[in-house]
Every structure is written in C-alpha cells, then in structure tokens.
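You will see chain A twice below: alongside chain B first, and alongside chain C after that.
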Partner chain A sequence: MSLLKPFSKLPGLNTANILLVENEEQFQQKLADTVVLHEKNVNVNVRLARSLPLPMENEESRPRIDLVVFIIHLTSELSFQSAETSLKYLDPGYFLGKVCFLVTNARNASVPPERLVSVRKLAASLHCPLLCAEDQTTEGVTTAAHRLLAILKVAAGLVPMATGLYLSTFTRCTVPSDIDQQNFE
Partner chain B sequence: MEPLDRLENLASSLETVALNGFQAPTVDNGQKDNSPAEILRIKEQMSNQCFEMAVKLQAGKSKISSCSASDAEKDLPDYANTLEEAKIIHFNKTLALHRMQVWHAISEKLKQSDPEAVAMRGMTSCSLDLCSRIKTLQQESCALQDQITDLQKQRLDLKRLTHEKMKEMDELKRKREHPEAEKYRNVLQKGQSHLEKYQKMATITQNVLRGIIIASKVNWRDDPKLRDIAMTLEDIPISD
Partner chain C sequence: MLNDAVIDYISLSRFKLHHGKARCSNPLPVFAGVIFFPVMEERNSTEKTPLNNVLAQRRSKSYRRSMRSCVEATHLAYTSGHLTALRIPRSRSAPKSRDITKQVDPDQVALLVKKEWQLSYVTPLYQFRHTQLKPYSKQLSAFIVSEKQQGLAIEVGQELGFKVNFSVVLGLAETDKDAETVFIQILSKQAFAAKDDAQKVVWSGWLTCVNGDLDYLRSLPPEFVSLPLLCTRGPESLTVLVKSWFEKTFDCCFGPLGINSTNLQWLASLWTGCHPTINIQYLKLVWTLPTLPPMDVTYTVDPQDAWELWDSVRQVDTTEDSISIDEVTMFIKGLQSHFFRHFRIDLSAGSLMQISTALGSSHHSGKIKIASPNYIPTILQLLTECALLKMPI
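Up next, the complex of A and B:
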C-alpha cells in the first residue's frame, strides 16, 4: 500500500505544492493554469492526477504535497466513487487540514440532490472543507483558484499565524441534522 | 506642502506594510532579493513549518488510545475557542509592543541632531500646526452648525404659528357665514311658503275660470279679449 504521507519529505523554500485529483481530467488543467497565473509571491507547483495511488516511478522526484484537492463532478456518479476509492491511499495525517473537496455543477437541476448530500456527509466525516466551483466561466475558475490558493498557503505553512489544522477547525464542512427534510424556513 | 506629501507617502507605505503583514511583494518569482524583509519572511515561514512538524511529532509520541472520536468532537469547539482567544491576545500584545518600539525609535531620533532628525522635527511641527488649524476650523464649523439648527428651530416655530393662524381664520370664516346664512335661510323659507300659497290660489282661480268658460259653452275663440284670457290660463303649470 503506497500511502501518500504529508511529512515524509522536507518542504521547499517559499514553495507550495498542490495535487489536483480528478477522474475526468477536464477541469484540472484550467484550474492549474489559473492558480499558477494568480500567485506572484510564492512558487506554486501544481501536480495533476487521475486517481490515487500515485505511480511509484516518480516517488523520489516528487516533492512534498501540501494540499490534496479532490475534484468531484456531481453530474457523474463515477467521479464520486473514484474520489472515495482514492481516499484510502492517503495517510491519515493529511486529513488534519491538508485535504479539500471541490464540487462542480452543484446548481445543475439534472443532478440528483442525494449526491451532493453524500459528498457533504463524506466531507463532514473527514473534517475537510467543501468548496463549490463553477467550471464553465473564467470568473468561476478564477474564484475557485483564489480560494484554493488561500487554503494552500495556510496548508503549506506560509501564513505566519495559521496552520492547516487551525484553519480546518473553521472551514470544515458541516451537515445540518435535518438535511433530509429540506425545509426552507 | 512638500513635507505634507512626504508624510502622506510614508503613511501609505506604512499602511501597505501593516495590511500585507508578512506578504511583502517580490518583484519576480525567480529573482530573490536578499533584503532583510524577504529573509525575515522566509524565516517566519520556516518556523511555521517546523512548528507544524513538531506538533505532528508530539501527537505521534503521546497517543491517547482510550480517547474516542465522539469525546474529542465534543471538546473540539472549546479548544478552538481557547486557541482563538490566546492567538488574539498574543497578536494584540505584539501590536502594542511594535507600537512602543516605533515610538521609542522616533523619540530617540528626534533627540539627535542629524539632518534626518531635523527633517522629522520640521514635519512634526508642520503636522502640529495643521492639527491646531483643524481644531479651530472644526470649532468654527460647530458654531455655524449650531446657528443653523437655531435658525431651523425658529423657522419651524414660525411655520407652526402660521398654521394655527390659518386654522383660526378658517374657523372664523365659517362662523361668520353661519349666522348670516341663518337669517337668509329663514327669510328665503318664509318667501317660498308665501309664494306657494299664492301660486295655489292662482291655479285654483284659473281652474275655476276655465270651468266656467267651458260650462257656459261660450265660443271664446272669436272674442279677442276672451281669447287672450283663455291663452294665459295655460301658461302657469298646474301644481298639486
């Protein structure tokens, strides 16, 4: 079992590494380009993957991953399942503020609401933040990139008074108890 | 106004430094200018990363095996609150410390006599003059504002008085009409009743005359005088 461990390697100077995991491999590229474009002060390296576990060949050359982002498209069930299976290959140390879930097409009417509910429950049980993003427009991609950058900088230890664990106590996803009833009160 | 512009530039640069905290913008990602600020920033980052790893090691050493997840969940908000409060207190104390350091440095500088200190003293005297001017202007504007409010109060009073006077006038007008209308109405009624009485008498006499003429079987159309009388009989409507 090749687990991805958070603290097994030394961090680079003024660098942050983010890993985008997406089954469909369509949103990753746009997001990666925008993220690199918008950050000027820090060296941001974006690594893309389809699923975990990562291939053993570049185990040595791979730097320390500061944030793992699972991109789930709500329009396909396969996306969610692939993310769930990939979770097993992550060291538990990652779930203390170094994992984030990114969901697209949450507003789409053709998406069954149970899928979003199950993603939320998964994120809440793992104490990870859940972000919603819009992948069709450039503003949506830019907004998502900015938010990911904010979380990345904290997770990489580049923000003076905050660590990933500290931030995760405030950004973790919560599931309201009567989510099945969906009352609009 | 030159010292004022310099003061403004200094204040804006201080503001940017305060707002950005440790994120001093670098020129390019590749070029690393080894200014003290940059080195300080990287040092802060490294200490933060070491802190994270130390926490992880600590957690690894002291594994509380009897602790369950739900118990930990219950305690979590309390721990987060105490942590937040501790951070806020620490940050405020650091800010206060920085403030004291800056003030100490400024006061030390002012006591010396190199050209920078002279310039600083000039700027402080300028800013003191400006402050006293601001104070006098503010007092003047306060006095003017008070005058304005007094005038507005007087205007409101006058408006109220005019309103009352208008109401009184209206009432007087109505009262004056009433007694005159009263007499007028009485006279009118009396006249109307008289008129009706005499109208009735006239119609009755006319009907009687018509009856007499018809009953006497006289040919009234040939006689001009009788014809005129008979014609006038029809003008007055028969009132019941």
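Up next, the complex of A and C:
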C-alpha cells in the first residue's frame, strides 16, 4: 500500500506544503487561492487531491507534505465516506499533529445532526483538530485560510518552540461522553 | 469540618437540582446554601466533589452536564426543564397495524388522513387549557377578522366573516403525559356566495404530541402544555395569523420543521416494513444531486423487491420488535448500490428529498401526507420526536 509518509523527505527552506483532500473538488480551489494570497513570509505550496492514495507518478517530484486537510461537506454522505477511506493511506506519523479536518455546512438545518457527531467522533479518535468553515462567502473562506495557515506553520516547523504534536494537544477535537444527546442550555 | 459540611450540603443540593425538582419553595437553609456558596462551589467542585459522583450523573439517561456547566447551571437551576436532554433515537419499535378507529372517532381520523400537511414545531404553550376551547375559538376568529380588516375604512360585514372551530381529537395521545390533540378549523363564506351557502373550511391545522419524550414532558413546569407538532393546511396568510395569535396568547414560538434525510430514511424503512400487512404498491425515492444543473433522480422500486431487501437486512433479528438505525442505513445503501451498479451515479453524493409509498409521502421541506389510518401513531411519534429535537430552548 502506498502510504504517504511524513518524514521521508527533506524539508525545504522557509517552505510549507499543505495537501487539501476533498471529494467534491469545489472548496479546495477557493481555499488554495486564498491561502496563497494571504501568506507573505513563507512559501506555501498547496496541493489538491480528490482522495488518497496519491498517484505514484508524482512520487519523486512531490515535496514533503506538512499538513493534510480533509474537507468534508456535511450535506453529502459520500464526502464523509470518501474521507474515511482516504485515511487508510496515511502513515500513522501524520496523526501526530499533521492532519486536520475541515467541515462545511455544519450549521445547516437540513443536515442530519448525526453526521457532524460521527465526524467529531472520528476526529476525536484520531486526536486531530476539527475546524468548521463557511464556504460560500469570501469572509468564511478567508477565515478558514487563516486558521489553516496557523496550523500549517506549526506543522511545518516554522514556529519556534511549537511542534505539531504540542499544538494538537490543545486543538484536538474532543467529544463529551454524552454527545448523542441534544444540547439544551 | 465546616468545609466538609458545606461540601456535602452542596453536593446534596446539586443532586436535587439535577433531578429537576428544584422549586423556589425549598426550605430556606438549602436556598441560602446554594446562593451563598456559588464562588466557593466552583473551586470546591473541581477539587473535592468526588469524581465518580459527577460521572454517575452524566451517565444517567436523561441529564447531561459537563463538569463546567454543572457549576454554571446551579445558579439558574430554579426553572426545571432546563436540565433535560433528548436523545436522537437509534432504534425504534416496528410499526404495528392498529385500527385507530377504535380509539379515535372515524370522522376525525378522516380529517387527518389523505391530506398533505406542512409541519412546524411549537415550543410549550403557557396556560393552554383544553377546557377553554370555545373562548379560544371566539378570540381567534375575532383576531383574524380584525387583522384582515386592518386598513379598511368600511365595515364589510358577512363576506369576511370567519368562524373558527377548536376541537379535541381524543385518542391520539399514547401516554398519559401526552396532551390531547387539538384540531383547529377556520371556516368562511366564499366571496360572492349566496346567502344560504354553508361555510367552507379554508384552513385547518392541528397541534399534537404523540409519545413525546417522557423525561422532557415530566420536567416541564405544570403551567405549560407541550404540543410540539403543528400540521397546517391552507393559505399561508391564515397560517401566519393563527401562529401570531398563538404567540401572543400562549407565549410560544413557532418554527419550520424540515424532515432531514435520516428521518426520511426511517420513514421509508418503516413503510416498507409494513408491506406484508398492507400493500404499499410502490416505494418512490427522490434524490437531488448537486450537479450543474442540479439533477433530480426519482427512483421507484417495486414493493416486493423493496420488501425482500428490507427483510434480508432484518434477517438477524426478525423476532425482535425494534429496528435500529444500522438496518435502515443498510437498506438505503443497498438501494443506492443497486442504482450505482446500473447507472454509475452514487446517490449518497446527493440528498434525499422525498419518499412516498401508498401509505403516505413525506418531503424534505416538511410536508407529510398520511394515506392510511393504521400507522398514524408511528408516524406521529417520529414527527413528534423531530419537533422536540428541533425546538430551541
């Protein structure tokens, strides 16, 4: 199985590489443009994929991927399933702070709440952060891009005294034991 | 030692409050105890309250409190009803065909079936009395007439006369905690009708609660009546007027209730499961796929095939009475994979919009039609659960 390995290649100088994995291939393009636009100090390379495993042909030319982001649209069940199957092709070393989940349409009333619950459970079991993003407005895309850049810079080792694992202990998704119950406050 | 006494006091009082029995008429010492030590509580609860106590409470079925919100809630704990939680159900009992005409008057049943209703959720009604239906009818008709006549300088007389009928549909409530269903009809003379023509029903609606979550209903203060599901049929202007009258009179809130794809899948499976008893004639599912332009897929399944698929999914526990969400998901996945094999279109990429069988149909936007009176309680129970879950508190 062709696992994507986090440390098998040398890092570039002042460079960070992020991989956006999304089954629908809509949000990743906007996000990629915004991410590259907003980062001035670091060379950010954004790679887009529909699912893992990545094609073998690019294996040599592909740089070291610092952060893998799975974009899940809660409006379709297929999005979640495709992200789940892609997880198998990641080396376990990635789950120490180099994987992030990004969901869209979390506030949508027509989305069954069980889907967000299962994404949360998945993210919590893998100790990864879960971000919610709004993909229809430019502010939403910009906010998501800023958050991803913050995590990316830590995962690429560009922030002194902080590593991906250290950050992930704060940002990782947690699930209260009674998550199956509706919140009444 | 004083500290220990205080701690025990506080843990005791927290137990009381959590069980939703807090009343302002508590004996004074407990009252003082709770108010006097809120700040101390914060520190104490994290250090000294035994961990297993709190955890035991969290595992109890109805109440959810994380440690932090435990503390915040005790300040506000005097209105019970805030401390209850509802579960998204993972299994349901299989629907049994019941001749509901034994419990409910057949004429009233005829009013409910074979019509398409638009659903909304309602928050609990304050001081709604089932005995006061006649005054309510008069007030509502006066309200509608006055709203309709706003802006008209001249008294228009009979043409705009609205007559409202409130009635109770006895027998739909399943448990003794459910409030009885209230049926509302608005009759009016058609414009330009002859003098002797009878008034026709222009709008009808009903408020119901069937098998609502018992813990939630028990935790409501006694002045509140919970009828969380509102089904309406008729012109939107009248619906808005009725809702605003209810909001003014009973201090409640209305909101649209959609039926999300999980619940549509439940309905599809429950109806398919009824096939041996009553022929469903077809199982039709409508999906919307997010292509450009959006594509609608109508997938009609022969009832016998649907039944065989459902039966094979239920192979493991056909003796048990309950259906779990996994069986429903497998059933729908089976249908989707069959479609994929033939058309190479994966329906799970889209969203389920509508399902219909001969027993009824249901749309994602909150429309439901029940064609057969035999399975009314099951459908209403599912819809009541949806309404209770959707309700903001």
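One rule holds for everything that comes next: the second predicted complex is superposed on the first by the 183 of 185 C-alpha atoms of A that agree within 3 Å, B and C clash if a C-alpha of one lies under 4 Å from a C-alpha of the other, contacts with A are read in each partner's own complex, and residues count from 1 in each chain.
Here is the rule we use: a contact is a pair of C-beta atoms (placed from the backbone, for glycine too) under 8 Å apart; a residue touches a chain by one contact, two chains touch by 3 or more.
A quick note: this is a predicted structure, and the numbers were derived from the prediction, not measured.
Should the superposition on chain A be reported as showing a clash between chain B and chain C, or a fit?
fit
Using the superposition on chain A described above, determine whether A:Asn43 touches chain B (first), chain C (second), both, or neither.
In the superposed model, A:Asn43 contacts chain B only, not chain C.
Should A:Thr174 be classified as contacting the first partner (chain B), the second (chain C), both, or neither?
A:Thr174 sits against neither chain B nor chain C.
Does chain B (first) or chain C (second) touch A:Thr163, or do both, or does neither?
After superposing on A, A:Thr163 lies in contact with chain B but is clear of chain C.
With the two structures laid over each other on chain A, which partner does A:Ser8 touch: chain B (first), chain C (second), both, or neither?
After superposition on chain A, A:Ser8 lies in contact with neither partner.
So in the superposed three-chain picture, is A:Gln136 touching just chain B, just chain C, both, or none of them (first/second/both/neither)?
After superposition on chain A, A:Gln136 lies in contact with neither partner.
With chain A as the corner point, what is the angle to chain B and chain C based on their C-alpha centres after superposing, as a multiple of 10 degrees?
70
Regarding the shared-chain residue A:Gln81, is it in contact with chain B (first), chain C (second), both, or neither?
In the superposition, A:Gln81 contacts chain C only.
Least CA distance chain B-chain C after superposition, rounded to whole Å?
In the combined three-chain model, chain B comes within 15 Å of chain C at the C-alpha level.
Do any residues of chain A touch both chain B and chain C, and if so, which are they?
Shared contact residues on chain A: none.
Could you list, by residue number, the parts of chain B that touch chain A in their complex?
21-26, 29, 32, 42, 44-46, 48-49, 51-53, 55-56, 76, 80, 83, 87, 91
Along chain C, where are the residues that touch chain A in the complex?
Within the complex, chain C touches chain A at residues 58-59, 64, 66, 69, 82-88, 90, 258, 260-263, 290, 325, 346, 348-351, 364, 389-390, 393.
Quick one: which bits of chain A touch chain B in the complex? Just the residue numbers, please.
Those residues of chain A that touch chain B are 6-7, 11, 13-14, 40-43, 93, 156-161, 163-166, 169-170.
Report the residues of chain A in contact with chain C in the complex, numbered from low to high.
Residues 23-24, 75-79, 81, 109-114, 176-178, 180-185.
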